[in-house]
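Each chain carries a letter (A, B, C, D and E) given by its place in the written order, and its residues are counted from 1.
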Amino acid sequence: GKSNEPSKEAGKTSTESAEKATTNETESSSGEPKYGGIFRSYLGNDLKTLDPAFATAEREGKMVSLLYDSLVKFDVNGKVIPSLAKSWETPDDSTLIFHLVDNAKFHNGNPFTAQDVKYSFERILDPEVGSPRTWVFEKVKGAKDFMEGKSDSVEGIEVSDDYTVKITLEQPFAPFLSMLGMPAAHIVDKNEIEKYPDQKDYAFNPVGTGPFKFVEYSNGDKFVIEANEDYFSGRPYIDGVNYRIIQDESTAVAEFEAGNLDELDIPTADIDRLKNNPAYAPYILTSNTFWNFYIGLTFNKEPFNDIRVRKAFCYAIDREAIINTVKRNAGVVSNGPIPPGLDGYREGLNPYPYNIDKAKELLAEAGYSEENPCSFELWHSDSKTNVALLEPIQAMLNQAGFKAKLVAMEWNSYKAAVRAGEAQAFYLSWGADYPDAENYLYPLFHSSMSGGGGNETRYNNPEFDKIIEQAQRTSDYDERIKLYQKAEDITIEDAARLWLYLSKEWLLYRPEVKGAKIYRIFNADKLLDIWLDR
Amino acid sequence: MSEKLLEVKDLKTYFPIQNGLFGRSTKYVKAVDGVSFDVYKGETLGLVGESGCGKSTTGRSIMRLIEPTEGKIIFDGKDISSLNKKQMLKIRREMQMIFQDPFSSLNPRKMVKEIIGAAFEIHMSSMRKKEREEEVAKLLEVVGLNPDYITRYPHEFSGGQRQRIGIARSLALKPKLIIADEPVSALDVSIQSQVLNLLNKLQKQFSLTYIFIAHDLSVVRHLSDRVGVMYLGKIVELTDANRLYTKPAHPYTKALLSAIPIPEIGVKRERIILEGDVPSPINPPNGCRFHTRCPKCMDICKEKEPDFKDIGDKHYVACHLVNG
Amino acid sequence: MEKTQLMNKSQKKEPEKKNKSNNPWIIAWRRLLRDKTAVFGLYIIIFLIFIAVFAPILSPYHPIEDFNLSEAFQGPSMKHWFGTDWMGRDILSRVLYGSRISLTVGLASRVVTLSIGITLGALAGYFRGKVDMVIMRLAEIMDAFPNFLFAIAISVAIGPGLYTVFFALGFVGWSGMARLIRGQVMLYRESEFVEAARSLGASNSRIIFKEILPNCMAPVIISTTMGISSAIMAEASLSFLGLGAQPPTPTWGSMMNFGRQYIWTAPYMIIFPGLAIVLTVYGFNLFGDGLRDVLDPRMKD
Amino acid sequence: MIKYLIRRIIMLIPVMIGVSLVTFSLIYIVPGDAVEVIVGERASEEIREKAIEELGLNKPFHQQYLSYMSNVLKGNLGKSYINNKSIKESIMERFPITFKLTLYSFAISVIVGIFVGVVSAVKQNTVIDSIVRGTTLLGVSTPVMFSSLLIIYIFGVWLKVMPVSGIGDGSIKYFLLPSLVLGLNSAVFTARLTRSCMLEVIRQDYIRTARSKGIAEKIVIFKHAMRNAMIPISTNLIMSFGYLLTGSVITETIFGLPGLGSETVRAVFQRDIPAVMGYFLFQAVIFVTFNLLVDISYALINPRIRFN
Amino acid sequence: MEKKEEMLSVKDLRTYFYTHDGLVPAVDGISFNIKKGETLCVVGESGCGKSVTAMSILKLVPTPPGKYVSGEILFKGEDLLKKSHEEMRMIRGNDIAMIFQEPMTSLNPVFTVGNQICETVMLHQQLNKKEAMEVAVEMLRKVGIPLPEKRVREYPHQLSGGMRQRVMIAMALSCNPILLIADEPTTALDVTIQAQILDLMRKMKEETGSSIMFITHDLGVVAEMADRVVVMYAGKIVEQGSAEEIFNDPRHPYTNGLLKSIPRLQGKRKEDLHVIEGMVPSMYNLPKGCKFNPRCEHATDICKSKEPPLIAIDSNNEERKCACWLLEKRRLYK
């Protein structure tokens, strides 16, 4: 039963939201929610998979969380809140006991139980499956043995009864609870997966417990999901979502303006225009995100194996000017790995202010001159927005005595090459998998994370390693934050990455769309708030 | 008569027709199918016949511009049908060709001096450019053109003038034998006589030997000492020019002669009008090739090919009528 | 006597009078100059070459180094006639410099096409038989690939860049050029002037290079002129997909490519390079059309 | 005729082998690690090796090629490295879209192109002819991306009468704008071709003969001249259909049509090797088929060939 | 000489071409007439305007670049040049039919020969397709094509040159035209085939009694076919008269030279032929005065400055004309 009642208070709600939007609220107006209607949105590219074990990219993570649930999820601000686990206890620093909801069902009708949790988590660790996200559960007791084939199950994941799971870690690891909100920790149904001899074939046949059911996906065209009437915490207001695949941002803008989309992720280029258009302004939502963009400087490669060159690099770029013009409203300057909004963030940190003279000086010290400029390649994944940002950076670097060449690569090969440490310098971003400052330090800088883990720069500083490991074990919150900050300082001093900016999200909705919110964690929005007034 | 300059023995030139699944040739155009004749020093041998009967192919095969399929070509006592490229190069100085089409026989992108000078470039590479141009100028004078024309391009000349340039080119190396392939058939009547006179003059001046190919019987007669009549890849009659025109022996020759319109009023002639067209050289008729159109066809003509026989006074004919 | 003298006089005068003019190419050229549209096309081309050569003098700003973030996204004004791009570079200067890339790509890719096409086409057309068979099969294989996709594949395979574009665009065109040359060579191979050269004992290479090829040039020139315009267009398309010369090199295609994200806010970023492409391609097409009328004997009336 | 056809088809075999070889080698020189793409981030050595083994990437070139081709002959084109989708399925899904787009564009191209071409040929050297020549030339000179963006802006955003992109429910209105862009672009070629063919034919002796018989000018043009001009025109048209089928990359990209062209570009960019191979082979087959059709149609409409 | 009815009379016809390279006065003020049942031969060198004359009569000259600058073409008393397109169409193929030089290219390759003959018949005789086809078969039989029932269904390329020319003749005669214009109908054919065609044309003429305007440059053919002859040079008529008069008593130096320069079957071999010096003048750049003066061995001052009029030279015979200043001194060079 879908209801599609005509709106009674359309006029009123829209003025209300206009007021809010101008104050950059992260939430659009509400009113009396109505059920029904298909939400028309779009995706910027094809989906590669809908299998939680393989959904590593933002886009897939978002979609996966509509189809599946994990034990916990995040609220608008990134706080961990219950999901399939209605509550949990922490008897000690390395143990978690989850009490599960008893009314959740998979889309195929199978009930959700604790067994499914164990199966789903072990599946991630199973080398046969080959998930790239093993690290999420690596710290669970017995995970290593299981991965090496020494045991048939993971010791640290215990099913106490149908609705209780106990997870034990090797050692205290504070961020673990938030990690359970990651796509990899979504719960799958064993029966479904085992239908496919090749697990890869499961990718586009997803069956979860999530608020939406999979209907159809076709590459380059559309992704359709419908509301799960039996969702354990109550069905979503909307009847479903029609995602079209629109690769070109400006096309998406045109589609939105032509009235064919309910939602627009406003491209940087159009923010000003739409913001200043009174017809659209009331329906714009904006929010800072946890996406922190940086240029990585590879430590074991010429010329960035020299700290003077790295520092020169950092000084040479007027990030303020670039972000303010190129990113306009879509980003704020970032000065360190820990983003605002997470504990540990420090206001006023600005280790490398624009100083071209200093940059030149440092380069000269390092033995470069006008005849012998410091030349290198700056790799990036092939996208117009990337080039738009990197071209001025390149120009500034060249003014300072570098000779930078931009090399664009297709995303997959780019990621592969960067992970393999082939790039001298590269442009990437890091977003929170879980809202903890640790997520911006350990994966990015710990020596064990070299390569695919996150530390593509091959940064290796034993002191840093020591501090961050210590922080992970520290259960005292304030103490831990201090350690994070100390670790952050080390990475900044080493100029391991040049932090550029934190992106800001701008969403524009049709006036009929109510209740939209921007969640700070990318996969937190399960579209349970949104409703359509038409 | 003087000594033989050229002997052609049983010359055959077939062109393969690409056919079959793998481009193998299963059929041939028998353009020249067993032709024999001699050419004596200083004479003009005329070859006449209808379009497609193999006149040009005969000429080109003698020059080895096309490789003959079979047969011998003995030039100046040497069998040239098996010479390699290098050896052939020497022979080329002695044999030259004049072509039919005054428009396509001169390279439109080259100046006269280059067109004619090519002969010297190839055969006398030591010759300097200046000398070469002088030679070309001289040749132009020989063929009755203004020597200043050496820097002109072919398109600046009329048909007759072009034909003169072609003649000058063929004379450049002072050859012994010139094969003229329909040199006047593309020209207007008023120009044709100029070229015919020139050819005549040059023959005397340089004691040349000609093989003169044409389809116009009166033109051939005018220039030739002996005339061969070709039909469908074969010579059907070969004899002295006067004799051929006064006492033709082969029915085809007779028909051909009677078919020529004569530019005179009131001359009554008996006309033999041949039925039908020349058959295709891909599938020539059995027996005598002419039997399909012959007004005097006999049974034997359909089965047996007549021999090419001397019926006296070096008058060669291939016809059962004459034999019998 | 009197008459012949007269004739000689007039004949002698003639070659002097039209001294340089008798070269068939020059005659064709003069005919071309009588065709108004072709001349218009020629003006455009000359104008473009002029711009390409003097881009550094004509451009008010440096296309790469003169960026000024505080002047980004300015619409056309007296200071910046075509406006500025997202990092405050002068679009006019970039468009002017872009002509260099476009023309170079147009020419360089044709050089590649011509050298492969002429060599293989001449070999196939002249020697026929097995050589022809092999070359034509190769050409058929080439033709079986959709040209533009193949160019994309080549660009991806050897990595994007200006030289890649030269090669990719040049390479995909060779089969057409080879066919053209082959057809021409086969035509002239049988012509009487080639026969004449052969009867003089000219070597194969002499016949190909001195007798045949100069005569094949007319269609080659036409197709090359047209080819330049399609190469410029293809370069723009490749750049549009991010496969052309890499930033910050100013090329029209990549300017359009980047301008596309600002199409609703700064349409001048896409309009001016777009118009530059239209103008250039139009110029070459006009000229090529005129050439066809003059050089293609079939079109002569 | 049938013999000729068989011969033509047999001749295709070496071509197709060549095409597959070229594609296969092209893939070989493409930088980027296929395995990396498949196994993804953080894969262990074992996983990598397993993948290599599975894909047979450790075998020598010719073995890989042969096993690939034997699969192809069995109708198995493999699966995408990127999304694990069967290539055959992808083709089946996407080709109809490209085909539709092509068909509509082709219709526009033929109707507009031939009409304009004939008019300008018949009115040679008049104002109409000059206008037609000028505009068609301008049309040829306008990049599709430029006209596409323009047309999207006008009809989709400004007038809001047409969908901007995508195929929606697959109905014709979604194809209208892209077909218009592509069709007009190719109409311009058709018009130029038609004009020159008509001019050539009109000069022929038999047209003079027809006129000398007292036949009305309209019939001379539309019966005598057109029938002859249609021989080169229609063969070219068939070929242009082939080009359209594979040449709509930019249009598909801009209009967000999930056709085979944009998908091929995607595959090439992402080094989705089996996809690239499959698409290229498929398009080569299409192309070669059209070549064959050209030959056959040439034979069918040209009595001179028909009877040989 | 009996007086015959005049059927076509051309008066001071001028057809010029305005080309890029200059003005071509292809037909420059010619007048002649054709009488009922007679064969008029037009001779002259290539490019002298024979075809343009013929095409002008049917108004088939492409305009532009061509233009009928002046003159009258009176056919059955009406001026064709003043007729509308529609009126001309009814005359073409019906009253006046034409055969062209190139049998290879003058037939439409995509229609069967039967079709092409039918078309004319259906148009001018209001017959239906079936009846027209019967006429076509009949016509083909008349022109001596074996198995006409089969041949009507064949395409031109399946026929040999001689056959195609017969088809052309059949087509031209299918509506019983009063005047048949044959533009070098045998030039492209071999002698034996030419003989067949000429024979056929003579027969057909006898049968139908139509007049023929026969264009050729072969004087032999003229001698065989012509009742009367018109000699053209560079767009002008230089001489006209009956066939005997032209061949036996040529008055113009050009006609005379032409006749003398042909090698004859019973002439002396290898002897120098008479030569007309120089070459045919370019139509773009015609000499002043008499067009023939640069090549004429008798040219005088007046020849170089003033054009001779075409005047009757026999007071008894107004059809005998010549355009030469030297007419009076004719005996001097005969």
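By definition in this document, a residue touches a chain if its C-beta (ideal position, glycine included) is under 8 Å from a C-beta of that chain, and two chains touch if they have at least 3 such contacts.
Since we're looking at a predicted model, the values are computed, not measured.
Q: So using the touch definition from the top, which pair is joined by more C-beta contacts, A-D or A-C?
A: A-D
Q: Farthest from chain E in C-alpha centre terms, which chain would that be?
A: Farthest chain from chain E, going by C-alpha centroids: A.
Q: Averaging over Cα atoms per chain, report the distance between chain B and chain D in Å.
A: One centre to the other, that is 52 Å.
Q: Averaging only over C-alpha atoms, locate the centres of chain A and chain B and give their separation in whole Å.
A: 89
Q: Just give me the whole-number Å value for how far the CA centre of chain B lies from that of chain E.
A: So the centroids are 32 Å from each other.
Q: Just give me the whole-number Å value for how far the CA centre of chain A lies from that of chain E.
A: Centres of chain A and chain E (C-alpha means) sit 91 Å apart.
Q: Two or more other chains touching the same residue: where does that happen in chain D?
A: Those would be 31, 153, 253, 269, 271.
Q: Show the residues in chain C shared as contacts by 2 or more other chains, in ascending order.
A: Each of 156, 260, 263, 301 in chain C touches at least two other chains.
Q: Taking the complex as given, what residues does chain B use to touch chain C?
A: 23, 60, 63, 65, 88-89, 92-93, 95-97, 99-101, 104-110, 115, 118-119, 122-123, 146, 148-149, 151-153, 155-156, 166, 169, 173
Q: Which residues of chain E touch chain D in their complex?
A: 55, 58, 60, 64, 85, 88-94, 97-98, 100, 102, 105-111, 119-120, 123-124, 155, 157-158, 168, 171
Q: Which residues of chain D touch chain C once you look at their complex with the stated criterion?
A: 14-16, 18-19, 22, 26, 29-31, 133-134, 137-138, 140-146, 149, 153, 196, 199-200, 203, 243, 246-247, 249-250, 253, 261, 264-265, 268-269, 271, 276, 280, 283-284, 287-288, 291
Q: Spell out the residues on chain E that touch chain B in their complex, using ranges where they run on.
A: Listed in rising order, the residues are 45-46, 160-163, 190-196, 198-199, 217-224, 243-244, 247-248, 257-259, 261-265, 267, 269-270, 272-277, 279-280, 295.
Q: Given the complex with chain E, which residues does chain D contribute to the contact?
A: 125, 204-206, 208-217, 224, 227-228, 231, 301-304, 307
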